[in-house]
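Next up: the structures, one after another.
Both complexes below contain chain A, partnered by chain B and then by chain C.
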Partner chain A sequence: MEVLKATFPHLAHLDIALGFLYPTLGVDIVPPPPISKKTIELGVKLAPQNACFPLKVTLGNFLEGIEQGADTVFMVGGVGPCRFGYYGEIQKVILEDMGHRIKFVLLDHPRYGFRRFLDALRSMTGGRFSFIRAKRAAILAWRILRFTEELEGYLRDLRARTWDPQQLETMVTQSLHRLRQVSSPVALDSLCREVRGEISLLPKDNTRDHLRVGIVGEVYVAQERRINFDVERLLGSLGVRVHNSVSTVEYLLHALPFFKSTEKLEAWRLARPYLNRFIGGEGIDSVGSTVRYAHQGYDGVVHLYPFTCMPEVVAKGIMGEVGRDYDLPLLHLAIDEHAGEAGLVTRVEAFVDVLERRRKFGRKKLGVGG
Partner chain B sequence: MRKVFLGVDVGSVTTKFVLIDGEKKILNSCYLKTSGDPIVAIKHGLRHIHSHFPGDAAIRAVGTTGSARHLAGVVVGADIVKNEITAHAVAAITRVPEVRTVFEIGGQDSKLILIRDGVVEDFAMNTICAAGTGSFLEHQAVRLNVPIEEFGKLAARATQAVRIAGRCTVFAESDMIHKQQLGFGKPEIAKGLSEALVRNFINNLASRKTIEGPVVFQGGVAANQGIVQAFHDFFRGEIEIVVPPEHGVMGAWGAAILALEYASEGTSFQGFNVVERDFQTQSFGCEDCPNSCEIVILKEDGLLKALWGSRCGKWTPEIREKTGTKNYQEPTQYAGKQ
Partner chain C sequence: MKIGIPRGLLFYRFYALWKTFLEELGQEVLVSPPTSKPIIQQGLTHAVEEVCFPAKVYLGHCHFLKDQVDMILIPRVVSFHRGEYNCPKILGLPDLTRSLFGIAPERMIDDEINMRERGIVGWRKGFFSIGQRFVTSERKIAKALEKAETAHRAYRDSLRQGILPETVIDGQPPLPDHAEKVLLLGHAYLASDSYINMNLIHRISGLGFSIITPDMLDQEGLRRHLPGRTKPSFWTMSNEILASALYVLREKPSAIKGFVHLMSFECGPDSLVGELVGRWLKRDKHFLPYLKLEIDEHTGEAGMLTRLEAFVDMMKWRHGSLESHLSASRPS
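And then the complex of A and B:
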């Protein structure tokens, strides 16, 4: 049987976990080069103008992956009021129109046809592999993915608090690099232990109470720093501790059959007084996570979404109500290929100034409540 | 020696300088066209301030703001570099302490700032759509063959209102031409355009925000009586709109006030002889990692002065320190100041 050479879209550090999983399943992978200006240009040129930004960027990934020799594209699909479900289909047609003779494997949610799901899953693997080995590999890949998110969490939380953010960044980058070489659970355990130890030893500034900002929004834009102008780092450099409510782990967990993400369920429960139905994408999560940040006493919330993203635009309107009820400042940032960094930086800086001044002059004085 | 504070606001269209004393009172100011060359504009402004500089004074601290705030910060030597939203709000609160809303309409962007009890509560900034900014008006004034300075007076002469459609400059323009073809006079068209600008400003920035008076209206466009009247009409006179006399230089004034408030030991001010130095901007693409950052270098008399644009931090502080350039502003510093 012919060995597939597959490429896939980038999403945060998903490529590290997949880079470990796929060889075990008998598939050669060709990870697309990291997202760059060129990736975006390629995608924007070929995608429909009105399509949202993640479609364009992932299309750019595929094109660059194909350039590097991939003959197969893996993409996830979905059904629902958000256009995301249709991305794969559109991208497939675009690639075919360009004359690329590639195999396009679209993995849809099992809820919408278990048989189709299994078929797609089968064609995403090389066909011949040991089930036990695959299961072991999948579990380890899952743990690797979780650890990449843990590392990102350290960055968000500690950038503002450590005396030497550059050292922290280097530490995380090196750990991610070492994570690519991990091949056994034992090796992963020892790496985790070592990194956690190193990070806990970093000297931290505990003398002041840092501002805390939560990030909510669409799963792709809120996580992919090469798209969102690395807004987390910008906030960190302004002295803000950041938490991101969006996580690939939770997203995938929730999409798996027979699993549910407790984080997501909690967000949906909290969203209920404002929004009690699924509006597609991560709309309801954005509302619920905003409520959660309000309960946890965060100073503000940054909402990231692709320009023209319907679920997030609906959520944006509803989040305004949450902000008024809890007296929580919100900053909405719509991102697409036209978004300029200068305007974004000015708004984020001004937002942090607002949060600081509110702390300094007391937010209670402003009359809390809706 | 009297302590004075300098504020510099380098915008896309105009550059403003304000010199204040310790009581935040404006001693001297100037308002210049940036004309696409901020460094030349900065030098002109410095020359003006220098030629009117009080003999018994010394600059204690400098603040910069505006879209070229980082560049201005390095060239002039700023002690604080602040975004224009904060700077405008600070100036408005100083001028009208009971202010609850600030409208700021500049050349290429516009801002709406909500203030409660002297603290900025919320803001909106429009950077991509020109429909609610000065450039919209300027462009249409050219089409009407009316100098922009005369535009407000022209609108005031209108005897009736003509509605010009358009949430977008392009549609507004085609509708304006259509209304001209129907035979409406220039004053009516000017009034219609002013009203369209006000509608665009409100639609773009104020959706779902409660506008309360008093409103301080500032920025270059506030000089236009037609727009002030259109705002007045829009709120049916129910909201008080104040146009401060220093409306054109509020950003620079705010930067000066911030410099005063945040002043610490010593100043980074480079001195007035900056005007004799030669500044050059170059850039290169760093291909050491997938970020592919465009690194911008500012050189002063051929020597490296500042670097911008590096995401990984490779091209920042160390390089500046090595060349002996004063570390003009580390973001974490001002976040920590109380």
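And then the complex of A and C:
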């Protein structure tokens, strides 16, 4: 069997984990270049005009990966009702119509044919499938992914609190870079220990009670900072401690059979008085996480989603009621190729202003802004 | 009790079923009037900006009804076909309406109707839980559901014969039958509401073509066209659209001269399904003219008419019987 040269879509730091996993399984990979203006332009030009933004960006990833020599595309599907499950089908047809002779491996739900599912799984694991080796590799890849999210968490929480945010960013970037070289559990453990130690030694500003803002929204836009204009960093630079309720780890965990993400289940329980059913995507998580942030006494919630995202638009309507009930300011940011950075920055700055004033003059004196 | 049914979204599918079911249970039913400017205005004022146009219209109907009835029927129709879904907006509709208008939970019939996993069992379960709000006897509910299903089949049969929903529901005069047809792809709530679609069907008829909608084709037969190389979508109504397009592409019925795809601007499923249909058509060697009409609250009537006339010219030109309909080319 010939070795596939596969490319895949970017999602935050997923490429680091996959960059370890695939070669171990015997698949050559061509990671797409980091998401750039060009990626977005390529995707926007070819994708359906009214499709949601992540479809366009991931299509751009595939095209750039193919440009770099990939002959196979790995994509996952789903059973709906959110549009994400149908991305692969559309992207495949678009690439075919462009005349690319590539293999499109769509890992879909076994509902669409169990053999097709197994075939896709086999292609994605390099054909020569050894359960023990695959399991070992998958566990380490999983831990690498979890550590990338831990690093991101430090950034969110500490940016506003450390005296030198630049130093923190450099440390995280370097750690991510070193993480790419990790090839054994022992190496990962020692790297984790070292990084955690370094970060705990950073001088922090504990004199001030910082504003706290939670982020909810669609899994792709809420995490991919090359798309969302790095809202977390902007908030950090305005002196806000940020927590992001969206996580690839939790998302994948929930998609796996026999596992359930406790964090998601809790959010679903909290959402019940407002929305008592799964409506696809992260709609119900957004509502539930907003309620949780309200309970935890956060100062505000930023809602990030692709423009026209179906579950998030429903969630947006319902979150308004949550905001009124708990007197919690919300900022909804819809992102697509037309979103401008200047407008977004202005809105976030105004939002933080409102939060600061509410702290200063007491909550009830100002209406729910955002 | 007086129960309101908003005229929008799935109403055009389940009109007879819902109405008969509630009336058989001894309730008075009030259907909101045909869509009008004030109704749309209420929907636009209260809805979330980015929700699709048909949902905004639906919310306008809910606003119209909410103070005139004791209860309002907004069932959570998760799925009316095994293994498939409705779009997230329809799934979240009861919660969205409640949040936006502050309707008390006991004034809303929002029971879940879900055939996705358990097929007919899930269907019955949904209607039984609606029925139990009014009567205690399960036999009575079963009888009402049976009558409602009979009415539903009769309604669907008359649609299949080419009678438009507005003819059945409001007794509007039927349209003349032309030999040449246009396949009108699009959700029933766009195609059937002549206020939203700016009288599209009447205009096409005036230009000498009859329309065929997915509702007029045999549903079970259509679904045979779905499997194969393409992955079916997971939205029931989108699958009906995809299957209708595939049926025409494969069987090539000679009466059908072109495709009009009516979609709403912010519709998620349409944005993907429309692209697929357009690409399939282009791959076809003798591809039929295809007109994609996107509508929302900002759509102008004049622009739509011009495009429609150009499209009809295109079909006639292909057919060798061109006599321009373009307003601009007519001598004044």
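FYI, the second predicted complex is superposed on the first by the 354 of 370 C-alpha atoms of A that agree within 3 Å, B and C clash if a C-alpha of one lies under 4 Å from a C-alpha of the other, contacts with A are read in each partner's own complex, and residues count from 1 in each chain.
By our rule, a residue touches a chain if its C-beta (ideal position, glycine included) is under 8 Å from a C-beta of that chain, and two chains touch if they have at least 3 such contacts.
Every value quoted in this text rests on a predicted model; they were computed, and no experiment measured them.
*Asks:* Evaluate whether chain B and chain C can sit on chain A together after superposition, giving fit or clash.
*Replies:* Fit - chain B and chain C, as placed by superposing on chain A, sit side by side.
*Asks:* Can A:Ser36 be said to touch chain B (first), chain C (second), both, or neither?
*Replies:* After superposing on A, A:Ser36 lies in contact with chain B but is clear of chain C.
*Asks:* On the A-aligned overlay, A:Tyr274 touches which partner chain: chain B = first, chain C = second, or both, or neither?
*Replies:* In the superposed model, A:Tyr274 contacts chain C only, not chain B.
*Asks:* Looking at the overlay, what does A:Gly320 touch: chain B (first), chain C (second), both, or neither?
*Replies:* After superposing on A, A:Gly320 lies in contact with both chain B and chain C.
*Asks:* For the combined three-chain view, what is the angle at the C-alpha centre of chain A formed with the C-alpha centres of chain B and chain C, to the nearest 10°?
*Replies:* That angle rounds to 80 degrees.
*Asks:* Considering only the touch criterion stated at the top, classify A:Tyr112 as touching first (chain B), second (chain C), both, or neither.
*Replies:* second
*Asks:* Taking the superposition as given, does A:Cys82 touch the first partner, chain B, the second, chain C, both, or neither?
*Replies:* second
*Asks:* Go through the superposed model and pick first if A:Glu356 touches only chain B, second if only chain C, both, or neither.
*Replies:* So A:Glu356 only meets chain B here.
*Asks:* In the superposition on the shared chain, how near does any CA atom of chain B get to one of chain C? Answer in angstrom.
*Replies:* Minimum over all C-alpha pairs of chain B and chain C: 5 Å.
*Asks:* List the residues of chain A that touch chain B in one complex and chain C in the other.
*Replies:* Residues 317, 320, which sit in both footprints.
*Asks:* Taking the touch rule as given, give the residues of chain A at its contact with chain B in the complex, in rising order.
*Replies:* 33-38, 160, 165-166, 169, 208, 211, 226, 230, 233, 237-240, 317, 320, 329, 338, 340, 342-343, 345-347, 349-354, 356-358, 360-361, 365-367
*Asks:* List the residues on chain B that touch chain A in their complex, please.
*Replies:* Per the touch definition, chain B meets chain A at residues 67, 82-86, 109, 116-123, 125, 127-128, 208, 290-292, 311-313, 331-332, 335-336, 338.
*Asks:* Under the stated contact criterion, what part of chain C meets chain A in this complex?
*Replies:* Where chain C meets chain A, its residues are 47-48, 50-51, 76, 78, 83-89, 91-92, 95-96, 99-100, 112, 230-235, 265-272, 274-276, 279, 282-283, 294.
*Asks:* Under the stated contact criterion, what part of chain A meets chain C in this complex?
*Replies:* Result: residues 48-52, 77-83, 85-86, 88-90, 93-94, 97, 106, 108, 111-112, 274-281, 283, 307-311, 313-318, 320-321, 334 of chain A touch chain C.
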